[in-house]
Each structure stands twice: as structure tokens, then as C-alpha cells.
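Below is one structure. I have some questions about it.
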Amino acid sequence: MIKAGIIGSTGYAGAELVRLLCRHSKVEIKWFGSRSYIGERYADVFRNMFEIVDEKCLDDNMEQLADAVDVIFTATPQGLCASLVNEDILNKVKMIDLSADFRLKDVAVYEKWYGIKHQSPQFLEEAVYGLCEINRSRTKDARIIANPGCYTTCSILSVYPMVKEGLIEPKSIIIDAKSGTSGAGRGAKVPNLFCEVNENIKAYGVATHRHTPEIEEQLGYAAGEEVLINFTPHLVPMQRGILVTAYADLKKDVSYEEVKAVYDKYYKKEQFVRVLEKDVCPETRWVEGSNYVDVNFKLDARTNRIIMMGALDNLIKGAAGQAVQNMNIVFGLPENMGLEQVPMFP
Amino acid sequence: MIKAGIIGSTGYAGAELVRLLCRHSKVEIKWFGSRSYIGERYADVFRNMFEIVDEKCLDDNMEQLADAVDVIFTATPQGLCASLVNEDILNKVKMIDLSADFRLKDVAVYEKWYGIKHQSPQFLEEAVYGLCEINRSRTKDARIIANPGCYTTCSILSVYPMVKEGLIEPKSIIIDAKSGTSGAGRGAKVPNLFCEVNENIKAYGVATHRHTPEIEEQLGYAAGEEVLINFTPHLVPMQRGILVTAYADLKKDVSYEEVKAVYDKYYKKEQFVRVLEKDVCPETRWVEGSNYVDVNFKLDARTNRIIMMGALDNLIKGAAGQAVQNMNIVFGLPENMGLEQVPMFP
Amino acid sequence: MIKAGIIGSTGYAGAELVRLLCRHSKVEIKWFGSRSYIGERYADVFRNMFEIVDEKCLDDNMEQLADAVDVIFTATPQGLCASLVNEDILNKVKMIDLSADFRLKDVAVYEKWYGIKHQSPQFLEEAVYGLCEINRSRTKDARIIANPGCYTTCSILSVYPMVKEGLIEPKSIIIDAKSGTSGAGRGAKVPNLFCEVNENIKAYGVATHRHTPEIEEQLGYAAGEEVLINFTPHLVPMQRGILVTAYADLKKDVSYEEVKAVYDKYYKKEQFVRVLEKDVCPETRWVEGSNYVDVNFKLDARTNRIIMMGALDNLIKGAAGQAVQNMNIVFGLPENMGLEQVPMFP
Amino acid sequence: MIKAGIIGSTGYAGAELVRLLCRHSKVEIKWFGSRSYIGERYADVFRNMFEIVDEKCLDDNMEQLADAVDVIFTATPQGLCASLVNEDILNKVKMIDLSADFRLKDVAVYEKWYGIKHQSPQFLEEAVYGLCEINRSRTKDARIIANPGCYTTCSILSVYPMVKEGLIEPKSIIIDAKSGTSGAGRGAKVPNLFCEVNENIKAYGVATHRHTPEIEEQLGYAAGEEVLINFTPHLVPMQRGILVTAYADLKKDVSYEEVKAVYDKYYKKEQFVRVLEKDVCPETRWVEGSNYVDVNFKLDARTNRIIMMGALDNLIKGAAGQAVQNMNIVFGLPENMGLEQVPMFP
């Protein structure tokens, strides 16, 4: 059995990780870290876990934790993981970080967009960006895996084949994204109250959202040149789900069949990426509760643009599910172990 | 492998059955019955099933079906199962009926509350009422299992220990129930449109709802005398979940500890019934996506009443999950096989 | 023009009061009190008010306020109004208190259910309980009006005619109430976050909710004897609305027509109470955005009980609307002035 | 008093028109047209109208109606208004059409995008496109007013100043729009059921939505050259509201102040268009229940683009409210008469 520890186990992403791991046949959770609830029973914080998890929440003692487990998941605010990790710890355990600390290779970009100083820039180079479908070969031997953001996973997977094949202008990409409210976290803030979110939709972080450089960097690797995007996130009154609607100028005339072949080239063999059939738009309800990403596209001859769409569950493929997928890769398990949930509808 | 056929596989309960069975390690679905979608691919009706279920929908041919499978689930409107079943079929397959056709022993009561003539009263006696926690010993050898209603399962399990132990007045019970909208089915009706259900709560079927006699009959067996209840269902703007708030007059002074012991007597060893801790109220979010029923109670010395509460997922423990649980019992499998989902929150 | 001041203008009830009063043709709001937002523009807190309200939020200086206005509304937590009011202030202005401070005549009952010491018991006797349809004749000359609670208004109006006419057993009344989330206030608390409230229903305050004694006291006046109830509130994932489902034992056989006549006796001439037609259940969507209360009932001969139902908008008839109605009475204006909004659907 | 008739009064837009007009001090509704509910009481279809509207629904007899009223509103599916209108009718009454029949000047474009033959192309030239803020001078004397679509009103008003002033590339405009579900109408269809819409977001009509040519035509007049857009609508789980997020390439470097001045130039004096303050994003909750449109923009120097945003209530400014506004213009009333509702929040 793989022994796992979770730092930040009482946020929504951390709790989803608990939910997935406690039914994973090869994993045992040994550490339910939660600075806010130290000493409280985990099942008193998340009552769905009553009679399933009996443990109490523990402090974030990374040193002690590194001795107790094989893999540490950090589902914490930016900066925490980078401030705790060190060579000694990395020699003992695998680290899968759900925060943004090791996603951007350029420390200056990180510090500019996140507004904090990076505490462990020395590990940036070795950290592997854990977008499984694209980087799995490098993930296998990584000590630190930077688990991608939810918006990012959906955005990149939706447009990756077109960028990789050089079919769209890399500076014409506009990504309009919509997220369920669990993405906003479990902090007690007025803007996240039921009556503030319900019966409303809004854009936020317009032209300044922190997932922007992450998407640009990863798509840049695929394009082999600089990618510059507009990224606009929106808050939607629902629990889970991210929908991405992306627009780009086509470099040349392409048919539906040609583009379909391009998407199939990258995703046909992928269990967790489903390229939908012609004219079927991704919808978050069809992936909710699962590790799937549904993608599709529509060509618009009138404007010479392609509209690319993707949908995923932000807490699963956009966070905890992908973290488990990365763990499976690292420990040589079947990639879909513990991730075979069928999307739950309605 | 157990071969299963589903009649009515494109309603919400039928679809949930598909979702559960397609991850059940001992079952293979051989027949996706759906009169409304004959010949269409199942995954075109429920797109969450894309790349998971490849089959097409078939007609409701019960004779042919009986030759092809080991167990038939009917998730259909009242009257259909009773009109199709016969001795020949019952000799070939096990029948688990999610409709109300075989729940009431008294055909006159059925015909009065449902307003239709019963087509197979000859099977009423042998049919077993499939409330697993109470009737499992008789379920094992049944040919027909009447899978209980969603309101009914939640109502009965919430008050059963008090009735069984004779602690409450059997004619004082008032059950005020609240249901998510999936309970209203997938029919295209104006009252079930998003804009009609959302931002609203209403009672319906006041003093006339068909689950009333079902609850009274089952509680009557427990009480050993006639039980008469008021039952009022309400429609709540959410997908899944039933919450029951039940009131009854206490026959004598009892302490919290005494009542807790009574609930534990019946449910302590039950995996799927969780008796919550003191003063914790059941909430539908903590059971959603699972086969759990959460129950608890509160004594009110001022009024000499007990308030009993229960919560379950109407599509799982209230329909498809309990059907799978019954199937497991009938075929001698572990009762929780395929039903170990942890409640999904948020 | 009547000059009005609001203490607590940035809670949901206070904001609704602002919304109603700023379109009331005889009122001018002179004081937007809000301890949490002193010095901030009101329209920065509630952006629906942009270009409608230009004022800034002020402190809760009751003395200064009493010199500036004709009427003070307090939409504040329990205890505040009682701690600020005094003889001098009451000689200068009318006081309409939306909190519970002056609703209960018996200071011991107040202190027991609210757990705080009452700071101004000397005003309890003169305060008028402002349930307009029942107490309007006494409201006219009051200095302090105790604006009823939202659950209370709905509960009392739903059962009042039956109690007043002595048709039901006063100790058999059970009130099962359901509320939208705006009733929980605008405080930043985890249980009120979108992801915690959405897709969930729960009971809370079972057998201990503070509106219980308020309902019992008022119904007791109507009955002329002690009334003892069970009251269970539930939280529903919607913005506004309260639905009450109340049960009681009938004292004697009554027909639909007899009971209808009783309801009409009290409400036929009331603009804001609509007695629905036979078998039509109240629904919150049909009153949302208005000052209406919809009520109806169903007789159940099987159990010899009556089920009484009521629906209102908790922020309007359950709070700010009734406060305006009380103000209209006090200042001799038509009772419906500024309250003629048609319910908004969908 | 202006006598008004409504054809299609039992759709959501028609019902909103009823709600607004029955509180308009200069209007009397004389005809509640509804083919689906002929002979039924209007208040039995929309129970919010109980004790407010006593009339029954009538057939769509346009000839008879023209003799009975001063203004006819048609809130009906495409094609109906064009099939009923004629010279005789137009000589008797003003016609305000909420459908698309007279919005597009080019009959070929209409027939291509709507897939039906236009029955009255002879009136296309004289019909005035009733976007009040832009065309009010021509509306005054019109016989037919083509009331704009909900997406269209929001889209055009959000980008109009930039197009009119020639600051953005007219073929670079991408409009990503999000709508509440009342925009989908009250037809009984599976995709509009609560359980299908709730907890979901999806794009639809990608590259083919019928509001596309309407937006292009109107913006083309403003630009003085052809405008070509991508328009993608999305369905959001909420009752009301449209949010537009539009992207365009800037023709030259502009500062925040310069662009703000451009928006103010067109909207400063408009009561119903609110240009928000710097960095405040429009949200549908702040306009719900009112005739306001909130607009704002953000410049992105990195990509040399502007992001323009707008929010409105699709049933008011996007349909019934704008129809009333047009009626006010036509009959020489103050433009805001009957439209002064403050947005309702929460």
C-alpha cells in the first residue's frame, strides 16, 4: 500500500482527494493535514465522511510527514509548498503540489503574477508540469509534480492539438472560461455566499488572472513559439465544472475531417479525454463526478476562426483526480486506478 | 457474470441503475430497454455514457428479455410491470420492480390510490417488499421484489425503530418530506422546467400522495397495529436528495440515551444506515451520490414529541442503489458490492 | 416627506428596506446606517443601487439620528435596538424594530430563548407587535413597533383563522417551515457559502428555534388559551421565500366550505393576504418580490387533521415590506403605498 | 389611457410585459392573447397574478384586436407577426413586435438564418429597429417597431461606442454571451427541465445563432462598414440575466480615460445604461428586475485588445422592458414611465 499524506485536506480540492483516495485500492491515507481544524475529527468537518474516515486533522508538519508517508499532496494556497519543501524531504517522498508554486518555470513570471517571493526556486527546473496526457513520460521519475490548475487543464487540452499542429495563430487565441463555485474555495467570504453567487454570472480577474501565464507557457512549448492569450474566467452558480470556449484564427483552410483527425491523433487513445462527435458541444453535466475532459470544436468559415470547447470537473480532472492520475504514473500503477467513476447525472 | 436487463433505462432512475451496474464487477447489462428511444444509442440520450456504453436502446419485449438475462429491473410507470409479468417469466428470471405495482399487499388499496386496475394481483402475495435492512431474510428467495419508493424508504427507516419498539403513538405520526427534482422524472412537462422549479418550494399531493399507504402498511407490520399518517411531499430546487422530518407523540418519557440505544439496536450493524451523533441533523448533501441513509432524532420535552429525521439520495438508496442491493442479496453477493461510493460533496 | 433613518442598512433586510423606500413617494432616506461600512458609498456595497443611491454609510448614532428623522428602522442583530432606545428618543421619533427585541412581552421568555439580557424591558409593554393584518388598530399610535419575524408572519397568518375560531386543538399544532437563504443573513460564514447551501436541504434549530415562543404568544392571544407548538425551520437552496406547512387536529368535523368561510372572514378584505382557491397550494415563486402572503388549507378526513399552508417573501412581507406597511399605518398613509409590486416570475 | 393588447401573453416575455403594464399608470391591458390557453383565466396560468389580473386568455385574432386597442405587442415565435400584420391593421394600431420578424432589413438574410419564408417583406423598410438609446428619434413615428433580441441589446450596447468611434477592428469582434434560462422560453422540452439545466453550463448554436446577423447589421450601421463577428451563446443555471463578454483588437493605443470618455459620450445622459466605474465588472444580479444595462470595459496592453462587458435582465431590457420603453416613446410619454424598478437583490 502506498502511504499518502495530504496537507490542506479540508479545502474542497483536499476533500475531493480524500474522497478519491479512500476508495483507491492501493492507497492508505496516513495524514489528514489541516491547519484550521487541528485536533478535530475529519468527519466532523466533512460529514459525508461519517463512518468512513475516523481520523483527526493534524498540523502541517512536513518533516514529520515525510517520514510517515510515500507521497505528499499539498492542496494549499500559493507559497506554502515552496516554503516547506527541501532537499531532505524530496529525497524521502514524492511531492504532488496542487498549488501554483512549481507550475511556472520562470521565477520572475511567478513573482509578478502571484505577487509573492518564491521560496524554493532551486526546484523549479526539476519539477514536472503534471498534465498527464502531455507530460506523462517525464512525470514517471519526477520528485516534484506541479499539478496543473483547473482552468489551465481545460484550456490547454481544448486547444493543444491545434497549437501543436500549427493550425492556428498563436497570438489570436482568446479563452473565455466559466467555472463552478467550488473553484473559489471554502473560505468564509461574502462574495462566495449562496445569495451572492446564486442567480448571477460575472467575469472576474479580467486580463489579470493568474492562470494566464501558465496556459501561455505550456501552449508555447507546444507551438514552439510565444503564445499570447486573452483569458477571462467567469463564476457560474453551480457546484462543479469548468467550461472553456476558445477562439482562434485559422492559419489556413481546413475541413471538419482534417481537424477531427488532428484531435484524434492526440486523444483517441486517451481514456480521460473524449473527443465528442460532430456538432455535440461539451457540457459540464456530462463529466461531473469523473476524471473525463470532453472536447470538441466548430469551424466558422464566415470569420475564418475555430471555436474550441472543453469541459471537466474542476475538483477531479482539474485538481484531485489529476493528482491521483499523476500518483498512479509515479508509482507505476494503471493510470486509471481509482478514477473509473462514471459521470453522475443528474 | 449476472446478466441484467433494464426496462425503462432512460428515465432518471433507470439511468442511475445503468451508471451503478456498469461499474458492478459481477454484472453485465444486456438490455437497455427504452420505449421512447428505440434504436438510438444509449450514449446519445445520456452523454455522460459516451465511450462507456456503446449499446442501442431496445423495445420492452419482456418475453425475449427473460430468455436473455438473469434479472430484470423495471424502472417504469405504475402498471407496466404488472401488465407484463407472468408465471413463465418468473420461472426464468428474477424481477426487481422499481414501480409501485407490487408494493401494496391489498389490491383494493393499490387500485384506490393509483386509480388503475392491477393486472397481476396473483403475484402480490409472493412479492417481497425490498426494504433491505428490514426484509432481507425474505428477499433472498423471492422471485419478485417490490423495490420501495424513495419517500417511503426514507420515511420508514427514519421512524421504524420507534414504531417497532412501541415508543410512539402510531396514529400521531406526521411526515413532512422534501425531495429534489429528479424524483419528478424526465418527462417534458411545464411544471418541471428549470424556471418553474428553481427559486421555489411547494407542497404537492397534500393528503393524497401515493406513498402514504405504502408507508402505513410497512409501519403497520412493525407496530403490530394500524398506523395512520399525514404525509406531505415538497419539491425542492435541487437535483437529488430526500429529507424527511417526522413528528410523533411519545407514549412515555424517554431520555436521549434510551432512544439512541433503540436506533442503534436496529442500525448499528447496518452499513448503509448511519445514526448521526447527538444534535447533528441529517442533510441531503452528506449522502448525495451514495447508498447511505442518515437518520437522527430530537426529543422535545415541551411538547412531548419526538422529531425524527432522515436523508438519502432518492436515485440511489431511494431507487437504483436499493435495487442493486436487493440484487446482491438475491444472488448471494456481498450486499455492498458496487455500492461503495463515498457521498460526493460539494 | 417622511424622513427615514435605517440602522443596519447593509444586511439583506436593511437593503430591501432601502430598495422599497427609495421608490416610496412619501419617504426620503436620510441615514444609511452600517457599522461595517462606515464611510463607504452605499452603492459600492450594493451595486444594484449605482446611480440610484449616492449617499455614504454612517455610524449607528441613535441620538443624532433621532434629531434628523421622523422614523428609525433598526434592521440589526438582537439586543442592539434595546440597548440604544430611550425615552428621549421615543419622544422624538417613531421606532420600527425589525429585530426580536420587543416582540415578546415576557422578558424572561426573551432572555431564555435569546440568551441575552434585555436592556430596555420598560418599553416592552407599550411596544406593539406589528403584524399589520391583526394589530393595525393598535399600531397607529405606537411609539415602538416590533416588526414580526419572517417565519412568524408566515406561520401565524397561515393558522390564525383556525385558532381564532377555535377549530383546532391549540396544543396539536406542528409547523414545518422552509426558508430561502437570504434569511440567514449576509455574514461571512462557511455554512452559508454557495457550495454548502446549494444542492442541499436541512433542518436546523430543531425544537429550539427562537421564533417558537413568538408564534406561541401571538397564537395564544388569538386562542385565548396557551398554545404549544413544534416548529422546525429548514434551509432551502433559493434566494427568497418562506413556505409553511402546518398540521393540527380538528376539534370537530368541518367541511371545506366552512373552513374557507373562516379564512375569508379574516382575509377577504385584506389586500396582502390571498386565500387561494381549492386545492391550489401556495408556492414561494408566486409571491416573490411582493408583499403578498398566499395561504390555503387541506382537510384530511382520514386523520382528522387540517394541513394549513402559507408562502411569503421573507425579505418583504417577512421583513422590510411589513416594516413599510407599519410605517404607512403609523403615518396615516394608504397601507399599500410603495408596496404594490407584482410578484416577479420567473 | 392607452389600450394595449398582447399576443403571446403566456410566454415568459409576454408575462413580463403583463407584469410591467399592469402597474403602468397610463396603460390598460385589454387583450391577453394566448393560443395555448384560450378561455383559461390568466391568473390560473401565472398564479403570481391572482387577485391582480381577472381576465381570461383570448385567441390571436389580430383584426378584432386592432379595433380594440391602441398598441399591439407580439411576444410570439418567429413568423407569426409577419403572417398576421397588414396595411389595414397598421393604419389602426401601433405594432411592437418582440419577435425577429422585422429586425433584419435584408429578407434574404432573414430567410437564411431563420429558415422560414418572410410573409410581409413589404413592411421591412419602414419598421424601426427599437434599440431605444440608439434609434429613439426614428421610433417616435414608426408604425412597426422591431423590438431587439435580448442577446442583441446587450451585445450592441456593450460594444457600440467603440465601433461608432472607429476604435476597434470591425472584423475582430468576438462576443461570448451567457444567458439565464428564461431566455429558452416556457415550452415543455426535455433540455429545459430543471435537472438538465441545473448544475450545468453549455454553449449552443455555436457559429449559427440567429442573433448573429442582427448584431452585425446594427453594428455595421454604427461602423459605416461591414462588421463580422463570432457570437457564442451559453445557457446558465439561473432564471434571468444576460452577460456579454466581448473581445476586439484595438486600432490604436488608447488610455482608460480616453475609452471611458467615449462610453460616457454615448451613455452619460442615458438613464438605463450605466457605465460602471473602473475595474468594476457588470454582474447580472445588479440589474435583475430592472430595465438597466450595466456596461464596462478593460484594456489589455499585453494583447492589444479591449474586453467589453455588459449585463441586463433578458426579460426586461432584453424584451418586455424595452418594449414598454418603445411604447413610451411612441406615445410621447416619459421614457422611463413604468420602468423605474430598482434591481432586486438578492
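Just so it is clear, A, B, C and D label the chains in written order, and each chain counts residues from 1 on its own.
Here, a residue touches a chain if its C-beta (ideal position, glycine included) is under 8 Å from a C-beta of that chain, and two chains touch if they have at least 3 such contacts.
Predicted model only: the values in this text are computed from it and were never measured.
The minimum number of touch steps separating subunit A from subunit C is 1.
For chain pairs A-B and B-C, the one joined by more C-beta pairs in contact is B-C.
Distance from the subunit A centre to the subunit B centre is 37 Å, each centre being the mean of its Cα atoms.
A straight line joining the Cα centres of subunit B and subunit D is 46 Å long.
Each chain gets one centre point, the mean of its Cα atoms, and the points for subunit B and subunit C are 38 Å apart. Across the assembly, subunit D contributes 12, 182, 195-196, 198-199, 237-240, 283, 285, 288, 346 as residues in contact with two or more other chains. Remark: subunit A residues 12, 181-182, 186, 188-190, 192-199, 237-239 touch subunit C in the complex. By the touch criterion stated above, subunit A contacts subunit B in their complex at residues 12, 15, 19, 22-23, 46-52, 182, 199, 239-240, 274, 276, 280, 283, 285-290, 294, 340-346. Considering their complex, residues 171, 174, 176, 178, 180, 195-196, 198-204, 206-207, 228-230, 232, 234, 236-241, 243, 245, 247, 281-285, 288, 298-300, 302-303, 305, 307, 309, 346 of subunit A touch subunit D.
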